Amino acid sequence: MATDHSTDDFERESRRSGPYVRAVRWMENLGDAAFAYLLLTPALLILGVIAFWPLIRTFELSLHADQLVGTGTVGEFVGLTNYVELLTGQRSALLVRPLLPTVVWNGQFPFVHGIANPFTAALTVTFIFTIVSVFFETVIGFGQALVLDQDFRGRRWVRVAIILPWAVPIVIQGMIFFLLFQPNIGFLVDPLQNLGVFSSTPLSNSVDSMIILVVADVWKTSAFMALLILAGLQSIDRNLYEVARVTGASKWQQFTMITLPLVLPTVLVAMLFRTIGALRIFGLIETVTSCSTVPSLSCLVVSAFSSRQYGTAAAIAFITAGIIAVAVSVYIAKFADAQGGGV
Amino acid sequence: MAQQSDTVGIDADADASKGPFGRWVSKAIRNPERVYRAMFYVVTAFFLFTTLFPFYWLLVLAVTPNEAITSFGFPPVPHGFNPGAFLTIFETVPLHIYVLNSFVLGITTTAIVLVIASLAGYVFGRLDFPGRRPLMLLILAVSYFPPAAFLLPLFQLFTGNVTVGLFGVSVSSPNLYNTPAPMVMPFTALFMPLSIFILTTFYGQIPDGLEDAARIEGTTRLGALFRVIMPLSAPGVATAGVLTFISVYNEFFFSFLMNDGQVASKLAQFFASQNNWAPLVQGILAYQGQYSQMYNLMAAASIVGVLPVAVLVVIAQEKIVSGLTAGALKE
Amino acid sequence: TGGNGGDSTATTTSSGDGGGKTTVQIATDADLKAVKSKFNKWLHNAGLSKDIEVEPIAGSDITNKRQNKYTQWLSSGRKKPSLLMMDNGWTLPFIVRDQLLNLSKEIPDTAKMVEDEYFSASVGTAKGPNDDLFAIPMYPDFPTMQYRKDLVQDAGYDTSGWSTSSMKWKRFSKITADVKKQSDVDYGFTFQFKSYAGLSCCTFNEFLSSYGGTYFGGLDNLFGPVGDRPITVDEKPVVDSLRMLRTFVNGESDKHGLDGVTGNISPQSVLQWSEEPSRKPFTNGNAVMHRNWPYAVNISGAEDALGKDLGVMPIPHGVSPEEAKYEGTGGATAALGGWHTAVNPNTTKKEAALEVLKAMTNKQVQFNLLEEIGWMPPRPSMLDSDTAKNIPIMGRYMETFRLAGENAIPRPVTVAWPQERSKIAQAANATVSGQKPPKKAMTNLKSTIKQIEDSV
Amino acid sequence: MGDVNLEDVTKEYGDVVAVNDMNLDIEDGEFVTLVGPSGCGKSTTLETIAGLTKPTSGTISIADREVTDLPPKDRGIAMVFQNIALFPHMDVYDNISFGLRLRDYPKEEIDRRVERASDIVQLEGMLDRMPDEMSGGQRQRVAIARAIVREPEVFLMDEPLANLDAKLRVHMRTELQRLHKELDTTIIYVTHDQAEAMTMSDRIAIIDGGELQQIAPPLVCYNEPANLFVAGFIGSPSMNFVEGEVTSAGLSTPDFDVAFDPEAVGVEPGDRVTLGIRPEDVHLADVAGQVAHQTDPLDARTDVLEPMGDEIFVYLETGETGDDTAMGGEAAEVDQLLMSVDPDADIDSDEPVEVVFDRESVHLFDTDTGEAITHSLVADEADAADDDRATPAEGDD
Amino acid sequence: MGDVNLEDVTKEYGDVVAVNDMNLDIEDGEFVTLVGPSGCGKSTTLETIAGLTKPTSGTISIADREVTDLPPKDRGIAMVFQNIALFPHMDVYDNISFGLRLRDYPKEEIDRRVERASDIVQLEGMLDRMPDEMSGGQRQRVAIARAIVREPEVFLMDEPLANLDAKLRVHMRTELQRLHKELDTTIIYVTHDQAEAMTMSDRIAIIDGGELQQIAPPLVCYNEPANLFVAGFIGSPSMNFVEGEVTSAGLSTPDFDVAFDPEAVGVEPGDRVTLGIRPEDVHLADVAGQVAHQTDPLDARTDVLEPMGDEIFVYLETGETGDDTAMGGEAAEVDQLLMSVDPDADIDSDEPVEVVFDRESVHLFDTDTGEAITHSLVADEADAADDDRATPAEGDD
């Protein structure tokens, strides 16, 4: 180990110089806060240009009247009028408020009975869809992750199979379920109708369509849950299970007392993002049924956008974001708990 | 507990009757592992069936001639057999180029997202600083908005219609339409929050001792991130990567609006950059006519399009369950 | 008067790129793109300068998507593509936003020729408020009633003359029910009544027009003025057409049905069907009557499908044109579909683009397109020609197409239409599905539409 | 109730044989310590007993029940892990009470036991700390508390005091011993601390390379090591070994001779034998008055002195030449002897001294097999003396 | 080059003061050991030196350079962590060579050094094992190898031998000492093993509750502890303490009196003083011939005997009544004395004996402040004797 002091750390360090080394030194000496902001710069930069700046522009749009004729994008500045009129129902006629009210008259959707404001209707539809599908996704995704976490022959392929639905483009996912429930093509319509579960045209019945949408969504996005939760499971120190086993924990107790609390942050992240995704559901609705059967919040945004009601559309987008923000804050609070005061 | 005594009851009955099931049950009671195992296989089979059945349906659609896609019974079997659809899809449009484009977009986006999100995940997961929570919420807020909310300004930005006054000189944004940039950048911005959150939770769980050890050994803080924390969070990083890639692969909003749908028709042209970077989703929809929907071709194209991702999943899942199984995160 | 038109500016074309080739992009669909080189040859044969090359770009075939994309392109002032193929259903919004080149100003002669010779309904959807032409129809599209000639004849009906004269719905329903009973098909009359854009613009529009009804009073109100026109969806003809559909679907016992028509000829599924799902059973021989666009004729008439057993006739009617309150309604009606070509005002290759546009009005080019990709020629006269009649399959039914074209009713496209069409679709779909009584539904619809009209 | 039996237990990890054909009979209520060099298989042995790892072959019984295939939770054991393994998401209270909560003990009972246990390990004020807010020793004490709170039949403890300071170790030792008595449990204990092994155990099991070398009460291991390995392993500093050959007059080593009657100890002239003598049984010839049976004095030279506070270690050079090549591999040790003397002893480094061995404590081993031949050269009394010396150990438990 | 200075360093974690106003001057090439009870702040001190945690206040210099704000990698240190902290995703070779690879050493150089280091820690055949395939001790050795392979100016070692058996510890101690000499590095070492602290260190720093109590060569700490805490902490088993009051004739405790001249040691009658005497300085009156200065014999009764192999610990009861309440809290200890005797001593449990103290080794402490007053009652010679006894330690380095 020849006391070759030329290879000494100190000397090696001091021999190096130049801008790179100086930059590294500078970074290392930053306080926690400064270092944090430095590392966040790239993320904030790209989000600034690609996300925040457009949002500000769009917010500007939302303060202007729609302009359907003429060259401009939007009309004159109207302040918060768009928001006020949307929330008070004065824009109802302009929004997709498709089949829901008819269903209401049928008494099939008792909890949205008499909702005349399409905004409230969209909110109801979106919330119901979100709650039901996120619930099933989480439960099923967790189950799948637990299966994938086991050691058995062929698990590699089972894993692939379970994750695969997530890789299916929404258009195709939509096509698959559209064709499954299309009368005279799908083989599921008749039996389900005979069982009294579905009507003869499930894709134009709001309640049936909601169920189909939930099934389609759960089929695809359980894989998302499974993937994330699996990663979370894999990161748990296996020693803890040894301790638990010796201490006398049954499988179930190991699950509730160790696995669950330790993957909870991951599960919450997954649920958080699935909730956000479900609250913005649009593509699936468009491809499986239509926005007029199951009008969601995003349906309103997109239909307003594509009919060039930019002011209205922008306002709905911001209201939607506001609603999502409220839903998300629930998770954030939970998440902070699970992380031990983190976030 | 109650359940257990139930099964014991069954055990007694079954043993008396000595049926094969009874024998199995009594064996199972003595060795509960068998029950777990059996339950496990049942559950696995159930999951396999439910996830794979729609794929089978896709296959049925793909090999059934478009005209015959009607009145399937249960279980659905192909009406006629026309594997030619898998060739037709390549004749009609250069599907492989669309797939290639999607891969380029996906990989580029994933790489950028993983690097930037790792930095952010490190910051949020391991550093304590004022403004941490508000910043996290700000980043998350990006994902609250329907994609449509970004479109108008971004489109103007990427088609060279935004001018910025800089030091008295007004610079207009470059026209990037039909290049990967106007897709990769929004993808990055839209999918990054998820990765940041995933990596934050994973990086936050790495014991401090390991980062300390790396820093003592001579890494910088960033060095410790890339040499120790990231490899140790391999399941999380791989998951974030796979999710980002798949999201890009399936994205259909900016994928439609940031290019004119054209692709190189041959590989040679692809490399000669005669390519407008339309991704797979555009390719699949190319089989959709004003009135006629070539369901069989769309299904075949989907199967072909999903295959590369399946390969990717096979590779990535190794990382997700990598050699950390035995030790995970002990120090 | 030939396709070369009267304009003699053809020689000025090569001004653009210093003698080199000028490539003009045209946003179109995959069909045209597939024949790209032939298309160029046809155009050059029609007198287009050889220096000009046309490059078709295939856009989405989903019409809404194409519209959204164009909206992006034109709103952001993109210079390419120079030419845009536009659905006649949504050309008008671009016109009123000044996002298309005024062709009456740029190539007045061609514009004049088009107004004179083309299907007038088509031309109507390409004109601005001041009657200037902003786009040139490329091909029109109009639905017909397609039927199983063999079954109908087997049931003892004489179909001669059906191809050019429209029958009453009453008779139609009776025959359909009868033929269905006599043969072993599952469906009688199939059509599209899913709650989607095609219901408002076309299927329902046809049904109600055939009873002499309209959405907005006289046909001259179709394109406006929004807010200043009557809303007539609650009038009897409209309600009657819905009642008839209820009988078709629910049977004669439906208390909101229409007396006199025969019931139970259409399945519930029509409420969930758009074009393709509805066509499949018919093409497979499992339905007697089927309402659809010409493309379906091309498919069902193929030898391996129905072949010559396919019959085509105009859409039946409820009242005759004379009985109808509004000019242009009643009798056989056909919703007008089809596509135009317009010029991007921001293009840097305006001259070349206009040259291409002119060459595309050439009759031979249009015949070529008919032959190669089934695009119906935009001039009624051409449908009579032998060339047209000799086209395989489609050629057999040219007479009917021509009649349909002449009776075509344009969709009421205004800036308010996108909202209105979804409301109409819902209301009509919900009515036929039995969820709302027709009259009440239409009264509600009227007030909704009123709000929309007022808000614009 | 709590007896533990290992029968022919072998555990292999791929090529590595961690435990090799281990047979252990541990009686109910016994306190057995496993010792041995790092990597010899102590932890693995505990893990097979706990059921955390299935032996490659062999059977394990606890309380006369075969448990080889039983899951850990049904074996009635508690364990302190070498790597501590606290639950990172639980505070100290939750960590300690984990096992009790699993079994739905009433809240008051849990509180009472946790308080008691945290008292024993002196962690009273820290019940709401998280593991990562504690020092190494504090974490280890939590791990101990987590085990003792359960009061099981059998305790397995893997170096539970490794991170504690001397004071606390002594305290913890006493507490563990008291617990052992009080609960009347079986304890299987791994430690690398000789004092711990000596003072706490009923028996010590010495393991090397996965094989059991000897299992016996501490003083028996100390005074009558079964083989060279045990002799060298037990005792710190360790026993001096000198290789030699038996002559008719006793043993002849390169540096000195020791006289005895070969027949009396059962060796024959010509046998290759290793002599073992502990540092405290080497005495300076001039103060060796108390030693009853001495060998002939031999000349040596002090080398390094290592003062330890209550004693001084003296390294002696006995060889005349310092020629290392004389006897091959082990030669370097041959001419060095370690002696332990009183701190008051009048001795200096690098000076000539005369030393004697206590004949009662001279061990002979078969050089080839390593097996012990005798533990005393006072032939007639050998057995008697040994018995005497073992007595205190037995009186101890 | 490698001197380390801590000036007024304080580290607080919320309410917990882990290190309190610490001042340490460690010279280049010195081997300093930090000892103290669990949770006293040893690891935290090392972490502040390493730069892993920023002190709440105070400055740290290494090699005369202030490094308080320098990142760990620029401080020229290597560290062995108490929790070992191997990189679980790297095999042994990669773990050991991590620091060298970071610095782009040539492959051969890395190989050479890794081989050398793994040799020292006796892990030769295991370079391609993963950490979770190793025993606790083996992992700890990898951690040591990872540090020594870097040959830095300053080593920080936090209980690096805690999981090793006696044999290996001795080996590693020697190797570390050799390394220390060879590389001429500064080593700051945390251990809870007294023998280690005693034999290896140039100086020992005793810490309690985050505060430095004494820093001095080992024997000075042993023989002249600065205060009650140090006296009780250093030495195993620890010093006996008896509280009492100074009278004009010496010290009076509830159970016995010790005669001395208060003036000579600098106390006044009426002072509350604690007497300290180590177990090995308590002798049986009848065999105390060697002890030059004895106290008057006092009557006691043997309680428990703890045979340790090379010595026997005897617990003595000195009080006549066993009445615990006499002096309040600490009373229970007052009437128990620990004595260490030769294993050959003729002694039995539960019998009356007479014992004497060695006056040269009687320590007196101020009961209230805990500060030491004197370390010998042989007034005149006190200083001289102390100097004598310190000598060997100084000769050691």
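Order as written gives the chain letters A, B, C, D and E; numbering starts at 1 within each chain.
Basically, a residue touches a chain if its C-beta (ideal position, glycine included) is under 8 Å from a C-beta of that chain, and two chains touch if they have at least 3 such contacts.
Per UniProt, the chains are A = Sugar ABC transporter permease; B = Carbohydrate ABC transporter permease; D, E = ABC-type D-xylose/L-arabinose transporter.
Because the structure is a prediction, the values reported are computed rather than measured.
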Chain D reached from chain A - shortest hop count over touching chains: 1
From chain E, the most remote chain by mean C-alpha position: C
Pair with more cross-chain C-beta pairs in contact, given B-E and A-C: A-C
Centroid spacing, where centroids are CA-atom means, of chain B and chain C in whole angstrom: 41
Whole-Å gap separating chain A and chain B, where each centre is the average of the chain's CA atoms: 13
Rounded Å distance, chain A centre to chain E centre (Cα mean): 58
Rounded Å distance, chain D centre to chain E centre (Cα mean): 23
Chain C residues counted as touching two or more neighbouring chains: 68, 75, 280-281
Two or more partner chains touched - positions in chain B: 69-71, 151-152, 207, 218, 220-221, 285, 324, 326-330
Sites on chain D at which at least two other chains make contact: 83, 85
Chain A - residues contacting chain B, complex: 9, 24, 27-28, 32-33, 35-37, 39-40, 42-44, 46-47, 49-55, 57-58, 61, 73, 140, 143-144, 147-148, 150, 152, 156, 158-172, 175-177, 179-180, 184-188, 191, 219, 223-224, 227-228, 230-232, 234-239, 251, 265-266, 269, 272-273, 276, 280, 282-283, 297-298, 301-302, 305, 310, 313-314, 317-318, 320-322, 324-325, 328, 332, 339, 342-343
Sites on chain E touched by chain A in the complex: 1, 63, 69-71, 73-74, 76, 103, 105, 109, 113, 116, 150-153, 182-184
Interface residues, chain D side, partner chain E - complex: 13, 16, 35-39, 42-44, 82-83, 133-138, 141, 158-159, 162-170, 192-195, 198-199, 218-219, 222, 232-233, 235-238, 278-280, 290, 305-310, 312, 340, 342-344, 349, 392-393, 395-396
Footprint of chain C on chain A - complex, ascending: 68-71, 73, 91-99, 102-103, 105-106, 182-185, 200-204, 290-293, 303, 306-308
Chain C residues touching chain B - in the complex, by the definition given at the top: 27, 29-30, 57-63, 65, 68-69, 72, 75-78, 81, 275-276, 279-281, 283-284, 286, 292-293, 295-296, 299, 305
